[in-house]
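Next up: some structures, all given as structure tokens.
Each of the next two complexes has chain A plus one more chain, namely chain B in the first and chain C in the second.
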Partner chain A sequence: MIIISEKNLQDFLEKTKKDFDFFDVGSQDGKPSFKKYFFPPEEEIFRLSDSRIGTAKVSKKFILFGLNLPQLEALTQLDEIMEKPNKDYFYFQRRKQSFVIGLVKEKIDVAPGGDIVLEDRGKGQYRVLVNTLKGKNLIKNYNNFFETVDEKKEKIPQIPEGSSLSEWSKSMRQILLDSELLANAVEWSHGHPIWDELAQKCLGCGICTYVCPLCHCFSIEDRVGLDDKCSRCRKWDACTLPNFSKIAGGHSFRPNLKERYYNWFYHKFVRAYREYGKSQCVGCGACKHNCPAKIDIQEVLSVILRDYRSNQ
Partner chain B sequence: MIKDNNNKKPRVAIYDFTDCEGCEVKIVSLREKLLLLEKKVDIVNWRLGQERFESGPYDITIIEGTPITDYEIKLLKDLRENSKILIALGACAALAGIPAIMPEKDRKIWYEKIYSSQYHPKGVDALPLSAYVQVDFSIHGCPVDEDEIIRAIEDLLSGKTPRYHDYSVCFECKQAGNPCRITEENKPCLGPITQGGCKAICISGGSPCYGCFGIREEANIPALIKILEKITDKNEVERYLTMFHSRSKEINDHK
Partner chain C sequence: MDNIYLPQLVKIVNIKEQSPTVKLFRLAPTQRSGLKKSKFETNDNGLVFIPGQFVLVGQIGYGESPFGPSSSPYENKFIEIVVRKAGTVTNYLHSLKKGDVITLRGPYGNGFPLDFIEGKDMVMATGGCGIPPIASLVEYIIKNKEKFGRIYVLYGARSPEEILMKDRIEEWKKEGIKVILTIDKPALGWDGYVGFVTDLIKEIQINEADAVATMCGPGPMMDALEKVLRPLGISDRRIFVSMERKMQCGIGKCQHCTTGSKYVCMDGPVFYYDEIEKNHD
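Presenting the complex of A and B:
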């Protein structure tokens, strides 16, 4: 078993901060998700000038530190999404440049994502789970900070049972376990009065999609600059906004907030289940935490599930 | 929107009505980009920026400020007749903004207080340009953002119709890493119903969003008013909604 002490961890982080760009997401609880480090809110894809094409430069190597359990799961899922139907070049360029280090407070047998996961055992000790070759090499290069110990001979603090996640997250993750039921229920709910209620309440500001670690829709914008250079850039977009489902001539497939908000759920719980076998939600609570209208995704799903069950 | 004029540069005029001229200063502060812009268009009439006053017709006319007097209203109508494209620059032109802050019924009291009872007001009313003529596009803001001026002009020059941002200020506010005024600080904010493009500059600087970038397409205004009325009293909500929007139909329909 590989372990690292609290003091060595701090030294290791200080050292890596000198060698790489470093971003700590753990200290940004409830803030926009980590996805921006791989999929920025706005990025130039290419630039055309004097009949030459230049593609955007990719960042230098960086460390993304402190992802918790739902965030690690989300990253693994986002990788799957970005792989289909074709590998997203820009996303995976950044993924390649990154070392992702998770920090979890619960006992995990298998690392749900990231290159290295640190399991906080308390008493200043962390168990180190190596998940990828990249993670293995990182540890090898900084091996003076890590120790390999024999679990049977040495006393390593055991992690207490239970989870450090909030009660809300725990119950949301229970709901997510049966993603087939969720898919059927959400699909069935089209026309349910709850969507009228939500359309009254929802501001349509799009915050939920920006903070969601798994929302990944974007739009493409072409510009011809005053300097005659053309650029194509992609920008985060949100399915709750009116232009997202507009096509030529101004026709819109989802002409009102009710349809658009339903579609947000439909994509997460119905389409995602059909395409990937699971919901595009990890129960992190970012959407609920950041919603100015205090819409709680768990409450919405609970009502839908209750009514779906009693209608079967 | 602007087609090639036999390779001649589009003729541009920049006019101002009643306002602080801050948005025109924003054009000046484009600096190097203004020089680039001058290579693409021919600014033939711009009182603030140059000593050249050619008469119309113009390809693009950019108007800042609120038409207040009969003279300004007539000039606006003439400019519309003589312009292929008419652009409102800034909140005063696009929304009536600050000049319209005073409720009509209170004007008389303040005329007397400020200018004495001898004063004969020259102003007719404070309404946005769109109350008198068709406006092809509004570059929003108080003041406007340099990048938004460039975006609109780039689109026009490349033959596109400039589009309004349908996303909210919240999008940019989240990128700026600000704590949310509504959910985290329990303070009022018009960000969720306001068009982005401002880079959330006010909120980043500790001020609320009063909506100077214009109301977003299909914004749920009544839902936000309900939320704001839980945070503060009705008068304060009214103050927020009338800072720039005392003449906005979208807002007034929900009061």
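Presenting the complex of A and C:
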């Protein structure tokens, strides 16, 4: 078993900060997504200069530290989304440049994602789970901070009972376990009065999609600089915004907020299930914590599930 | 790993005015696109694209728009697209002249099921600006004429001036394709049909048991056509519709073109009618 002490961890982080770019995402509940480090809100995809098209360059190596359990799961899922049906060049360039270090307070047998995961055992001790070759090499290069111990001989604190996740997150993750049921229920709910209520409540601002670790809609927009340089960029978009499915000539395929908001749920729980066999939600709570209209995704799903079940 | 968003540069080698608001552009590969050859790549069957697939054409600084090529899929020296002035990109394209260089990505999407339609009677219905993918399908069928039964093209436009690709339509007729045109309202000098494309169905004679319909046109037209085709005996699984949606990435990532659980850019743009009929959008 590989372990690292609190003091060594701090020293290790200080050292890596000198060697790489370093970002600490923090792991408190409801924090906006880490996805921007791999899929930034706006990025250049290529540029035209002297009538030649050149692919934009991607950042230098960096460490992304502190992803909690739902965030690590989200990263693994986002990798799959970006892999299929066509491998996304920019996302994977950044993934290649990154070392992702998770920090979880739950007992885990297998790392759910990232390169290495630190399991907080309390009393200033962390168990280190290595998930990738990249993670293995990182530890090898900084091996003076890590210790390999024999679990049977040395006393390593056991992980404290319970979980660092909020009650909301825990119950949301229970709901997410049956993604087939969710898909059927959300599909069935088209026409349910709850969507009228939500369309009244929702401001259509798109914040839920920006903070979500799995929402990945984007638009492609061109930028023309004063220096005559032109570049094509991609920017985060949100399916709840009015122009999302509007075409030239002015026709919109989802003209009302009600349809757009339903589509947001439809994508997460129905289309995603049909595509990947899984809901595109990890129960992190970011959408709920950041919604200015205080819409709670779990409450919405609970109503839909209740009515779906009683209608079967 | 390749940058999947990178387009190739193409040169406008010809422009033909089709109507006051529509122009046809003939695009050829350029040396500057990095290709040594001045030809588009073809697949194993010698096709540059499958009729019904789309390309994203645009200009850096203006953006990209989806177009279903109208030229013969066997033609590898150029691709033709039909452009109606409707937004930023199309207005820009209309301002261009022969020799100008623009960008092209694709072909993307599935296209019409060429193997399935073989040996069958064909009803190809279209309206307004929906003619390009049908036009390339007609060119494909002409090239493989002995493999097909009776071929009908039903095409409706608002007025005689808005009938696009008139020169090509004349050539199709010479090849034995039965083309029936209709316009929405009576017009001076027009002695053809007046009314909707749906009214033309009674003019066709096909083996209903083994016919296939393909459609590309405004949504209401396609819904109305299905209501006429079904009683004829053409089932929803033999009606292929080409859908229009907002396109951005063209490769199944950005989510703009989704309808229900389908991606128009990847699963489509050609669908069985019943695949998309009940989608919530």
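As a working rule, the second predicted complex is superposed on the first by the 301 of 312 C-alpha atoms of A that agree within 3 Å, B and C clash if a C-alpha of one lies under 4 Å from a C-alpha of the other, contacts with A are read in each partner's own complex, and residues count from 1 in each chain.
Assume a contact is a pair of C-beta atoms (placed from the backbone, for glycine too) under 8 Å apart; a residue touches a chain by one contact, two chains touch by 3 or more.
All values reported here derive from a predicted model rather than from experimental measurement.
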A:210 in the overlay: touching chain B, chain C, both, or neither? Say first, second, both or neither.
first
| task | Using the touch definition from the top, say if A:253 reaches chain B (first), chain C (second), both or neither. | result | second
>> Which partner chains sit in contact with A:290 here, chain B, chain C, both or neither? Use first/second/both/neither.
In response: first
Message = If we overlay the two complexes on their shared chain A, which of chain B and chain C does A:200 touch? Say first, second, both or neither.
response = first
Key: First, second, both or neither for A:303, with chain B first and chain C second   = neither
Worksheet item: Touching A:241 in the superposition: chain B (first), chain C (second), both, neither?
Response: first
**Report entry** Which superposed partner A:93 touches (first chain B, second chain C, both, neither)
**Finding:** second
### Message
I'd like to know which partner A:227 touches here: chain B for first, chain C for second, both or neither.
### Response
first
Overlap of the chain B and chain C interfaces on chain A comprises residues 224, 237, 244
Per the touch rule above, chain A residues touching chain B in the complex are 31-32, 36, 41, 199-207, 210-211, 223-227, 236-238, 241-244, 256-257, 289-294
Per the touch rule, the chain A residues reaching chain C in their complex are 45-46, 48, 51-53, 55, 82, 84-90, 92-93, 190, 216-222, 224, 230-232, 234, 237, 239, 244-249, 253-254, 259, 262-263, 266-267, 270-271, 274-275
Counting only contacts in the complex, chain B reaches chain A at residues 33, 36-37, 39-40, 150-151, 153-154, 157-158, 163, 166-168, 170-171, 174-175, 177, 180, 182-183, 191-193, 216-220, 222-224, 227
The answer for chain C against chain A in the complex is residues 1-7, 9, 32, 60-65, 86-90, 101, 103, 244-246, 248-249, 251-261, 266, 280-281
